[in-house]
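Labels A, B and C are assigned to the chains in the order they are written; within every chain, residues are numbered from 1.
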Amino acid sequence: MLHGVIAGALVASAFLFRTHGSNWGENASSTGAIQASMVSAIPLPNTQRTLDTGVLTSEAPSPAPIVAKERAEPPPKPNEVAIPEKITKPIKTAEKPTPTPPKRPQPTPPEPTKAATGETAGVRIAQSTLELRNGTASVSVQDRTFGARFAYYVNIVNQKVSQNWLVGEADPRSSMGRSSTIVFDIDRNGTPSNVRVETASGSPTLDQSATRAVQRVDGFGPLPAGDRITVEFTFHYHPQ
Amino acid sequence: MQYAHRRSLGALLVLLLCTASSLFAQDTFKTETSSGVANIRIAVPDFKQLAADPQAANFKHVFDTTLFNDLTNAAIFDIVSKSLLPQSVPGGPSEISVAQWAAAPTSAAMVAFGAFNLQGDKLVINGFLFDAKNTQFPQVLAKQYTDAASEDAARQIAHRFADEIIFRLSGGSQGIAESKIYYVKIGGGNKEIWAMDYDGANQHAVTHLGTISLSPRISPDNTRVAFSSLGRDGFQIRMFSLVLNRMVNFPAVGGTNLSPTWNPNGHEIAFSSSRSGDPEIWAADANGSGSRRITSFRGPDVSPVFNPRTGAQLAWISGRTGLPQLYIMDADGSAVQRLTDTGYATSPSWSPNGQFITFAWDRKYGPGAPGGQDIYVIEVAPGPGGAHRWIQLTHDGGRCDFPSWSPDGRHIVYANSPDGRAEHTRIMTVLADGTQKHELTGAGADMPNWSWK
Amino acid sequence: MSAIQIKIRKALLLAATAVAIGAVTGCHKKDSGIDTSALAPAPAASAAAPTASITADPLAIDQGQSVVLNWRTQNATSVTIDGIGPVNNNGTQTVTPTNSTNFHLTAKGDGGSTEANVRVTVRVPVAPTAPSSNISETDMGSEAAFHQNVQDIFFDYDSYDVRPDAASSVSQAASYLTSHPAIKVVIGGYCDDRGSAEYNLALGENRANAARTALVNAGVPASRLRVISYGKEKQFCTEENESCWQQNRRAQFSLDR
């Protein structure tokens, strides 16, 4: 019991010392006020679909110490929303020759099911479509041979972009019923680049959220073939 | 016999899947802002056995179980219950009709299948991953593995094949099936460094020093284990070479030296040293030369860990204001920031992507306070309003300590003692969102450290 | 095994031993420097882990007197006591230690091993302090005299500050060491088993260093003092209560040979 009191006093004195002392942390300019908030969720790998707003709970572990309050925290940039994906790793080399190596797709391009010439972007059929909670995401690869041969890869591209799409970023009123099309390249390591809006939706927030969804992806995994593909990502906004 | 076994396994899997789906139903991470992307649905039938050898059947069972568990543990798939699979067991591309697997009730997007053969004293395993929705070009992956016939080889091949599948279907994320966990084995009054596979299999001793060895940390290239060990002059940093399978020299210095950590570049370690009196964070080359002091502030400084993404920052534990708290700083000792301001915080581990730190925290620490020491994850960058967001992963399960991230950043391994007694400590894993806890070892295992790859 | 079960078993074992011996003296009396009996419940493994307890009656004697050790184990296949050797699984033995001794029992069984300790303090008649003119450069003094004069220092919870009540022990230790310049001392830093292993090693280091600083300030040359932290790795007392934790939060002095 006595020890409890003593130790309790110690804890209390440690707290007092901390709040009065200005000398903890050698670099005062870099010590911001400490705050920690318990949240029901923080964006963890592959589950980063939470928005910044609406996840903070009211419980805070303790008052922040009264030290070094001067430095204002810069407002978080939208791009700092977590994208906890692993960095892509280099292509693994196969230990053994594959028993039945995939055929090179070039010699036998699949017959287009529609009578398109293949060079115009007019009547492209989406190669991967995902129904999401607030809309429909579809992805096409401009190289149709690739798209047919490696449909699974196109699906993964669609899935990863959709996972990184934060539904709440687009303003529902202006985005309702609109579609935004983003075009980007994927290099042989799977890294996206050259992200641009191909067809603006008329809702700047929708275009921006779709662009950011692509930008948040570190990589899609190495291309199964070729050095580069160009991808079209279309998001049609129709909240249910 | 085999059929009955598979039936019971199937029933078990249905049960497991039901449990999993009920967990997901209350998954706090899927908020109303979720875009609602479903996981890839994958069918994993048992491999086709080509050799009618009872030994082969045993190895194949190990292989099938390991592959299935690896893909389940990856937590990125929706795995089809084995009771919903077609009756045929395909062994190669010519024996599978993907349309059958894409159709209900299987409804698989992907099928991982293959053939298992025992040729003389060698295992020959052909593994395939097929896109069930692509009737024209279904093949995603085809691999052949050959190894000396043993249960361990069957398990390791399953790990490698699982990692290949995960790498393809996660969009380039590294699988963890081939990773290892190093830990402290408690027994006979001593503590030795041990190692095991990521799933708890293959537990074996690394050191036989006959003293107390603590805090194993595996190097980024899996060649060395740094740890600290009690000798005549107290605890010193020691180094074990997994390549040479023996201790290698690491110079002893004065004071207590403990809790080493590797810079991701593999050339530098940081640790706590009291050679100058007060325990401070020091860094040295991996061979022990060129040591330099990073912190200098009265109070214990221990348990440093590098930001594995950049190598430019350290998180560590300091008692400079009283009870130990979690801090981060640049690797040269500047830009010190405290992340916790209450309770008793210990044992940080930095996530592979650099965004999170997991640590053990007793938020209500103190005499008379019924606080439990649990595993937490805190976001390194301050969230909106400047607060660091954190979540609690374990609740009311006894004393938890020494969390360590898996290389894919999806899992955390940690030590848990249900009744708080040191000798009852065992090693558990949990997904980084706090779900799917399970035990990897029995009592007598502590301080786990997950390998970098 | 639930915590309650452990407590009940502990209580039963302790009660049984107390009845058997007839009396227990000095238990948990921390200011006497007497250690308590220890009991380590075993893990609930498939093979039942051994349990062990050892008591001594009385816990403190004058030099030349005897003490009765009494131990009980379960699920053990081999039991040894340091300094005595292999013994029966349960038994009593009369010993006559010449100086304060820590009787350390190890019970090994199919389910693992467990340990128990009891410390017997031997009161050495305080020898008339040798006049300073008689200081011998090689006189190490007796082990008993050393422990009589250089007593462990205890610390508060999560603290490494030498408490005011330790001041008299420090000055007594310093004068003894000053009068025996041949003695070199190892100062061990210890912590109770709460908190985390790595942090406790640093805390133990600071406790041992604080004791060292106190002796240096009292005139003992630093070159004669060596510091080792054991953190929570060498528990002196393994019960989960404040008196036991206090026994573990200490800087312990021993002769550095």
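We adopt the following convention: a contact is a pair of C-beta atoms (placed from the backbone, for glycine too) under 8 Å apart; a residue touches a chain by one contact, two chains touch by 3 or more.
As the structure is a computational prediction, the values presented were derived from the model and not from experiment.
Of all chains present, the one whose mean CA position sits nearest the global mean of protein CA atoms is B.
Per-pair tallies of C-beta contacts place A-B first.
Chain B and chain C, compared by their mean Cα positions, are separated by 39 Å.
In this assembly, the C-alpha centroid of chain A lies 23 Å from the C-alpha centroid of chain B.
Chain A and chain C have Cα centroids separated by 58 Å. Residue positions 3-4, 7, 10-11 of chain A each touch two or more of the other chains.
Chain B has residues 322-323, 367 in contact with two or more other chains. Contacts with at least two other chains are made by residues 157-158, 242 of chain C. Contact residues on chain B toward chain C in their complex (touch as defined above): 187-189, 191, 212, 214-215, 230, 233-235, 255-256, 258-259, 272, 274, 277-279, 299-303, 317, 319, 322-324, 344, 346-347, 360, 367, 373, 401-402, 419-424, 442-444, 446-447. Within the complex formed with chain B, the chain C residues making contact are 1-3, 6, 40-45, 106, 108, 112-115, 157-158, 193, 195-199, 201-206, 209, 226-230, 232-233, 240, 242. Touching chain B in their complex are the following residues of chain A: 3-4, 7-8, 10-11, 14-15, 17-18, 21, 24-27, 30-47, 49-56, 60-62, 64-65, 73, 76, 80, 82, 84-89, 92, 94-102, 105, 110, 130, 132-134, 148-152, 155-157, 159-160, 162-163, 165-168, 190, 217-222, 224.
Those residues of chain B lying in contact with chain A across their complex are 28-37, 40, 75-76, 92-93, 109-110, 126, 131, 133-134, 136-137, 139-140, 142-146, 160, 164, 167-174, 296-297, 309, 320-323, 333-343, 351-353, 355-356, 363, 366-368, 377-379, 381-392, 408-410, 432-433.
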